[in-house]
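Shared between the two complexes below is subunit A, which pairs with subunit B and subunit C, respectively.
Let's turn to the complex of A and B:
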């Protein structure tokens, strides 16, 4: 399409420029029933998976239908959301902090038509557009990142892996049969954008090879001291090098860096700071699984998630090993944990040696913390431990 | 990689319009960039910022932190934005010929 001006004048960029107005006030978009009862809610209940009811002091009710969202969506899809909101909810709709979509109606008789409309909508390939669920003690949406769609530092894909895992565990999204809510998150490199460090199960993109060094351009493209300071293990040091230019063929001395491969643990922080240190690698890159994190303060304090699987290869487009391993963890948790017990609380109660036994995951030396002084506190300073026996045996102990 | 020619000089630039090599910088570069950075006329204040950025980069190998830039030049951040509407990174560093800012920007 030919250029169409919005009215912006590139010759006078600062003229009529509006800045610092922030976002709209949320009050502008509240459904009337929410606006009228703001701060007056008395109680709520989950009527069925994906459907909530809140009761206000005056007796007003609001029914919320939560549906899964894919987060990465087209304008066409957003318009379809608006169309549904127009049809059933007077044009009001909201998104949750896990990127689900919530449609709200003010009376019970409006819920059924809305539900039927939502479940009748499918993609051409057969996927539900608006699957209802994500409430209570079940699996809700997966918080995830950019992956190969848009980022330049990923070690795996985000949208792809998330679709695979949600397909695998779709029933848990539509049901509330787990001991407590299960939060799965995904980050495509260990920048950990999002919630992987504090989720029940976390999928994390991971490299296994040190960066390549583009000596010819490094000093031109990078601020060398920043690349050095970016390294958590001090594997990088400045170094002058004799190189033969690939472009001109001339020999010259350039400023560059040297990486001590023995010290490098492939975090990729230096590539973030310096474009001449790329490290993505098709065979080397893959996924680390972590488990046992939470953010709420309910019963136990918030926890970090811990590494439980050191490496799963990237297997696009369906990542079968990833799906299988996550299913393994979820099944063991569902079968063994007590009511209200989050995955991390369960693992800590039974002991991590039991966690590995019950889930059938392999324990390798990669899982033993070796990062600076605090690593010491993650080792076992006690003779309290269990000999491990078997999954079914353990389930029997729990049943007693 | 694109090259641009301006007043008889050739500059190699990336897709964001940053110089590929600090050594290629010349006063003509500033004239070439200022248009796209929303700067009509180059004042002494602009030059003071550019000169300081270049001195600091030559001496330390990095661009200064914003607070250092403010403290040394005496220009508050607001003033720097008045001089360089795209800000100290995209505006001033680009004109000074420094490498493109990196990290989660």
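Let's turn to the complex of A and C:
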């Protein structure tokens, strides 16, 4: 491969430089039916799972076919999207916030051929390329982060965990039979570059071991005060250490840090500031499951997700425990919640103690909050509670 | 096709109905190998095979193999590029240097195929051809290229595609919005336009990190919150209205009579029984501000808190009012460092009018305060917690309102301002002792 210049001259980086031009105006990319009815939409209806119809004041209609997308996508795949959009949608397409792909047509007769085309396309390995669904009272696509494909701090993989959970719950993606919409989100470490803390179900990658300390190299690679300041629990202190050099075998004194492991909550924030404090570990890393959050203001205020399973080990490639546990929660929700009730609203109505009984999830001490002041507001300050299986009296709860 | 690396674990992710990213990566790897269009690939032709290899290794060892980012970027910008290196470069030379670029997406994420193909062609030629549509913040993400390609990509984007990079690091992150008025009857303002205008207004803040930490704007057109602004943006803009919900009583009758599907057809996959307006709408209203008079639906709009439930259930009968605007809430963030926070109400209502001076005033007042007082890596929400909501009001020049709180404070530990107390704080002990013996 020979280097091909774009016209950029590295000796004169400022020559003809164009900066700060921002993004394109969205107006350039709107299909005519969207452009013509901008701000004039009157109502919509979901005609079937994955197919929406929006009606404009003047009578125009736009039909949207929503398909589940992979956030991680090759240019060849994107070119295939373009081919479909050219064939059916006059060369327009859009993506949703939740990584779905939406193909829009301006009349009803164009919907069937589009649908058939989309569902007929399969990957070489056999999976669908463009499964239709993700609307209404069902499961939509899982938003997620990078994971092992590209990030430096993940405690689990993102694309893989999402693939297995969507395979497991595929019918819910294609149906609208849940009490309300179900939003599952995935982040591969506590940094949550995809903020998942207000989702019906959140899959969260999680470390469980304090960082290792690369003493010999730490002072060369890190600003020690920044690493110390990065710790939310003040678990890191500066420490001079006597070490044997990995390279030369000689003994020497180095500036490094020490970590109070009892204070460490494995957030990895220090690692973000200092590459000499890695914390990835096969047994330590895994997944926390959270549930009951939402961002909509509908009926009740937005809610944080709560930790309902403290740890699920990493079981690549198909994470069977993760998939099974999520199915368990979704089945209990589907069977027991009332129409319009989000997962968290259902859990609050029946009480979280009942949530654990109905879902069959185990409640352990890890699920009682002990992080700073907000913890107090999660404890029970009322004599109202429900009896659940095995929780009868004092004798039943005495530790053995 | 035989690839460089065996991937027995990843191969197991090709089965099942959901689109397989493994099948897709293999397709891309094959495409690069065959190179039907004779592209003069500017980074290793087999880099996608090496991605498969390095991810397979992570699947085997359950540990990541990407190193901490290095300092790479384009001249004059502090953000938009994230350095990425593999920690097994000998085994996977195609991805030894494998940096990320964030490309500022069009607002609402609509594309013409012409533009999308140009994005694809550029990235096929100068990068791995693997991307995210889209990253969590909203950008198009290019995954994997070498350092010497960064300026070339930037040059081609700015000169030939009128396209800029997005934000990363301690700066304004690429703003994002819901699709708003383009295809939603509930949008209370043009989310795309406001997002676009503020993106362009604050290009300097977006490209040159000068903040204590990241800062996010997100624009939701209504309280349904499709871009989750309230959960993940330092400044969350949520559309709302202040007049009455518009009612079409004929359509109400049609819902009651079962002629129209409730919730826009969202519940059609299960037999929930006939629609019951009393049970499903009126009794579920959080403020209990609705009732039926004969076949007419009545709403006491003064009591309505605009949660959207009734409108969501009967989209053909009810619409948001016509006096629309937005609420500004501030301080949301994920758990790092000090626990998760949702945004808190700051400006209950504001009209959205170009050139958006009121909105910019709030933004800039907040930035002035945060840049002055915020500690390194302290998000706005944490600064508000540390210095107090009253301080936020002072710095933005706003009056305290009952709308700012869910309920009043639980404790009487009130910090009075000296000027609020008659005579101030100084007292004369000698004078006091004249009235009170020791």
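Keep in mind that, in the parts below, the second predicted complex is superposed on the first by the 387 of 400 C-alpha atoms of A that agree within 3 Å, B and C clash if a C-alpha of one lies under 4 Å from a C-alpha of the other, contacts with A are read in each partner's own complex, and residues count from 1 in each chain.
Convention: a residue touches a chain if its C-beta (ideal position, glycine included) is under 8 Å from a C-beta of that chain, and two chains touch if they have at least 3 such contacts.
Only a predicted model underlies this, so the values are computations on that prediction, with no experimental measurement involved.
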Exercise. After lining up the shared chain so the two structures overlap, which partner does A:275 touch, if you call subunit B first and subunit C second: first, second, both or neither?
Worked result: both
Exercise. After superposition on the shared chain, which partner residues are touched by A:13: those of subunit B (first), subunit C (second), both, or neither?
Worked result: both
For this session: Look at A:99 in the shared chain and tell me whether it touches subunit B only, subunit C only, both, or neither; answer first, second, both or neither.
Result: second
For this session: Tell me which partner A:223 touches in the superposition: subunit B (first), subunit C (second), both or neither.
Result: first
For this session: Tell me which partner A:191 touches in the superposition: subunit B (first), subunit C (second), both or neither.
Result: both
Exercise. Touching A:135, do we find subunit B (first), subunit C (second), both, or neither?
Worked result: second
For this session: Would you check which partner chain A:21 touches, where first means subunit B only, second means subunit C only, and both and neither mean what they say?
Result: second
Problem set entry | Broader residue contact with subunit A after superposition on the shared chain, subunit B or subunit C | C
Exercise. Which of the two partners, first being subunit B and second being subunit C, lies in contact with A:62: first, second, both, or neither?
Worked result: second
Exercise. So which positions on subunit A get touched by both subunit B and subunit C?
Worked result: 13-14, 191, 226, 275
Exercise. Inside the complex, what are the residues of subunit A that reach subunit B?
Worked result: 13-14, 191, 217, 220-226, 272-275
Problem set entry | List of subunit B residues in touch with subunit A within their complex | 20-22, 38, 57, 60-63, 85, 99-100, 102-104
